[in-house]
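Multiple structures follow.
Each of the next two complexes has chain A plus one other chain: chain B in the first, chain C in the second.
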Partner chain A sequence: MTEQNSTGALIVKITVLTIGAALLFAPFLFQDVRSLEVAARICVFVVLVASYDLLIGYTGIVSFAHTMFFGFGAYGAAIALKQMGPGWDAVMVGGLAGMLVSLIVAVAIGLLSLRVKAIFFAMITLAVASVVLVLASQLSDFTGGEDGITYRAPQLFKTATKLAVDEDGKVLRLFGVKLNGKLAAYYFVFATSLALFVLMFRLVGSPLGTVLKAIRENEARAEAIGYRVVSYRTFVFCIAALAASLAGTIYAIWLKYTGPDTMLSFSIMIDILLMVVIGGMGTMWGAVIGAVLMVLAQYYLRDLMGAAAEATSNLPILPELLNPDRWLLWLGIIFILLVYFFPRGIAGTIMQKGIAK
Partner chain B sequence: MKNLTQILARMGGVNLLPVAVAAVAFVLIGVPSSWVTLTVAGLAMGMMIFLMASGLSLVFGLMDVLNFGHSAFVSLGAFVAASVLTWLAGWLGADSIFLNVMALFLALTAALIVGLAGGWFFETVIIRPVYKDHLRQILITMGALIVAEQLILAVWGGTPMAVPRPQFLESAIILGDVSIEIYRIFAFLLGLAVYVALYLTLNRTRIGLLIRAGVENREMVEALGFRIDRLFIGVFMLGSALATLGGAMWAGYETLISPSLGAEMMIVVFIVVIIGGLGSIEGTLLGAIMVGLVGNYVGFLMPKMALASNMILMMAILMWRPSGLRPAVK
Partner chain C sequence: MTLLTLNAMQTNIEQYAVLHDVTLTVPEGGVFVLLGRNGAGKTTTLRSIMGLWRPSPGSVTFRGEDISALHTAEVARKGIAYVPENMGVFGGLTIEENLILATKTGKFDTARLNRIYGLFPALKTFWGKQAWSLSGGQKQMLAVARAIIEPRDLILIDEPTKGLAPSIIDAMADAFREISETTTILLVEQNFHFAKSLGRDMAVIDDGRIAHTGSMADFAADKALQDQLLSLSA
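And now, the complex of A and B:
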């Protein structure tokens, strides 16, 4: 039996499908605003993490510029929606502009620096991304600076929009859920994220995906067989950049706000890194699991830590360490332990179980 | 044309680059007094950046380990030094130069000791298990950076901290219409002393010989019976201590520090080692001085471009020399 159809793989696949179903029915299952926020964030981050996994897991490229592409997409949509007013044309223009910028920057970085060692590439992407972050905060006429941009989403996604009305002219309810624009917006996020995820899933299963894995495993050999390693790397870097940019556009439409902290900051890059490693590098399934766990932790672990800090408030340094703001500390420790002991992440480790020797 | 290249090479080749930059800036700025001030500031800044970057470059050269957590040591050094200086505020304000110097000396020593201890811990606990695995090295050191930054936040809090400076470094020397802060001269001299010490150690002592041999061919040094892993720990501790020293000096330079200092400096440090060529001390010095000078000149000439200047400098140099100005022999 191969890894693809071991019992472990079955468990992982069932888990992911359950998550998918939960996300599909999220507005009906969890009927409060915060849960819907969480669900939408999970959808977007699944795409973002999967696209990052294309780089780090499948091709062995470490890039720290992934949030930059996310930000390009988000700022593209945000600026277009602000300047052109809410409408689908603005979304199209903004999204395409974001993708175009991402593509150009990705090609430039890729051709310039994917020839060199992984470590060099990681450093260069980090430098580029931080410069873009600073520029986004500085060019305040254009990007709104530190405050970011607030704008209105297209008409269809407004909470006041009624998708269906009953006899009295009120919003029709289905299982107690108002069929309003918020619901439409959520399903827009869900559907586009799903489409992007499936697309990437197909990509890694295709012959191209096999070549990428070959490059990851043994670069010199792949080159010797006749694959142009630099072209493949640049290509996959561009694909990942485009996917991240689209994810940014989707998230910008959902949030109706774009700012450096939510779209560009280095902490998002760390989130993505944690998600990929926790979920499992080199498996698209892992991206889903990692994103779900991290986003849930972000929203709910802090509450838990707040309670723990209060409970230990009499002890010396402990409450300071359990402060909800310090949650990254614990995630960082978990991250290090995972890289040591389970380098394949949750999905990878489970999938190995049940392989007949 | 060929003659010109030869003449340039004989005069120092790429080492002339900072001189060329300074000359071009002199023409563009046009006012000698501001040019001198900017050049001194650029050199002082370059030397402090050199302190921070040299450790990173050395460790990479010898161990093939790139420590993304290096900037944590910079922050750590800054905060430790600031704490010691605040604690000894009485000595700093005193008129006696001896007490001033003692306070400064204690602050820098504290930073160095913390750097050595932190380096030892980092090497044995974090990096030892992931030698020769670049992908996991990047991930692990990144994780360690997150943890270290959060610990610094937990201990010193998120608010910016004021750093008191010793009395005798506060004033400025005035030559004609040029005024030069004494702290900058001090930073420059300290950096220069560290460079000379490193250079002599690497090129004139037995330990330096072993380190250079280890950079070139690790197995051979081991086969000859030397314990290269001990050398590794030593170099790593030294590199971390240099980073904390650089952080401590930077804290005095900025006089107001916040926990994001390390992350901000990390980018500059990376740009410097990329420009200079990973693994070589000379290259790092060259890169640091270039970055310091260009940053100051551009900040004066075109303030809007100051942020992007480092980036453009890096891109230009990478196009010209893809492995940096003076890469280590490897």
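And now, the complex of A and C:
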């Protein structure tokens, strides 16, 4: 029995499909602004985590420059939308510019650095990403510096845009949800993220994916059967960079704001790394689970702890321990427990269960 | 006809000179056996042919073409397959994935696949299983199968009987005999009984130098030479 058809794999697939359905109907299931923000962030981070998993999980490349590519895509769209105005031409120009810069930098890093040992490659990506972060903060005329850039999204995505109107000319509601530009923007994020995820999913299921897994296991063996490892590693590094760049463009359109903290910071890089580890390295399903759990924790763990602290206010110590300000401590404890009980990540561990030894 | 020539090949691994002067000619067809004591340089010779370690100076000529400067992947594409000592399978991949990796088009040639099933029936039985879960003998079968899933001119096999049960070794010998009818095998082996049953020509490497070449039949008949070149006490 293979990993693909074990009982555990079935559980993971059903879970991910349920998450997909929840994201598809999110505007109707959770009718508040914050929930829609969370759903959109999950969609974007699924792409970002899946593309990072192409590197670390499928090919064994440790890179700290993934948010840099995310930032290139975001800044490309942001600068174009600011300079050219809120049109689709700006989105196209900005998105393509972000992808082009990402591709050039990825090829340069790949060809120059992927021959060196993993730790040195990781350090090189860290150095390049740090330089880009500093540049984004200092080239304020171009990038808006620390304050970032605020701009308008295309007309279709404005909240005031009516996608459908009733007889009185008012925006039509479907199950209580206004059919307006905000809804269009969410489905733009959902559809583009889904398309990118499916593309990456197909990539890892293709013969190329098998080669990548072989390279991850043993580079010398892969070379001995005829594969140029540096070429494949550079190729996958470029694919991951392009996917991250597109994710950045999508998120920039959704947020209508791009700044170093939201698009380029190392805390995002750490988040991506945690999501990959929590979900399970080397499984695209894990990218979905990791992104969902981490984003939900970031948005709702404080609230949950606040409610728990209130509920236990009559007890000693507990309210203090559950103080919402300590949410990062609890996030750390949850992470340690997850790593302990799911050493291959949630999806990886569950999928492994039930496989004949 | 000569298939492979190693000419005054020297290989250094970091600061250590492992091969000092390896000159060897492997004819086309049959099994050529390379014997030698532990640490004599047998594995280094195979890895140097594959370009995994770079011989310098010296050269490797395959079908008259100097391949010493080629990248390992290019050497493999010339039609040379390598079955390393530790079986060299990809544990996280299934048998099917391990084999498909070695195909040129990403598709199986049905006739060759059936031949592999005939040689190693266990691979068909455990087709969808991940390689890490196979027994040592099955892993070795998979490694050899991967080498012959495409037509090759030369297969380098490093100590295929190491750690295997006698019944598996017999099956492996039968398989090598059949494979050698169409493909040349350069076999590195410590199990002299196994090597003797397969080899047509042979060489002995000692301390990084070729110490003897000749026919396997002659070498098998010369007990004194065997003791001199292969015994642990020598």
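Everything below uses one rule, namely that the second predicted complex is superposed on the first by the 316 of 357 C-alpha atoms of A that agree within 3 Å, B and C clash if a C-alpha of one lies under 4 Å from a C-alpha of the other, contacts with A are read in each partner's own complex, and residues count from 1 in each chain.
Here is the rule we go by: contacts are C-beta pairs under 8 Å (C-beta built on N, C-alpha and C of every residue); 3 or more make two chains touch, one makes a residue touch a chain.
The structure presented is a predicted model; accordingly, all values stated were derived computationally and were not measured.
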item: Contacts of A:R221 with chain B and chain C, given as first, second, both or neither; value: second
item: Which of chain B and chain C A:A21 touches, first, second, both or neither; value: neither
item: Chain B versus chain C as contact partner of A:L296, first or second or both or neither; value: neither
item: First (chain B), second (chain C), both or neither touched by A:K213; value: second
item: Contacts of A:L126 with chain B and chain C, given as first, second, both or neither; value: first
item: Which superposed partner A:G332 touches (first chain B, second chain C, both, neither); value: first
item: Chain A residues touched by each partner, larger count belonging to chain B or chain C; value: B
item: Which superposed partner A:L156 touches (first chain B, second chain C, both, neither); value: neither
item: Touch list for chain A against partner chain C, complex; value: 1-3, 207, 210-211, 213-214, 216-218, 220-229, 355-357
item: Residues of chain C that touch chain A when the two form their complex; value: 50, 52, 71-73, 76-77, 81-82, 84, 88, 90-94, 97, 100-102, 106, 128-130, 133, 146
item: Residues of chain B defined as touching chain A within the complex; value: 60, 66, 68, 126, 129-130, 134-140, 142-144, 146-147, 150-151, 153-154, 158, 263, 266-267, 270-271, 273-274, 278, 307-308, 310-311, 314-315, 318-319, 322-323
item: Residues of chain A touching chain B in the complex; value: 56, 60, 62, 112-113, 115-120, 122-124, 126-128, 130-131, 134-135, 138, 266, 270, 273, 277, 317, 320-321, 323, 325-326, 328-329, 331-333, 335-336, 339-340, 343
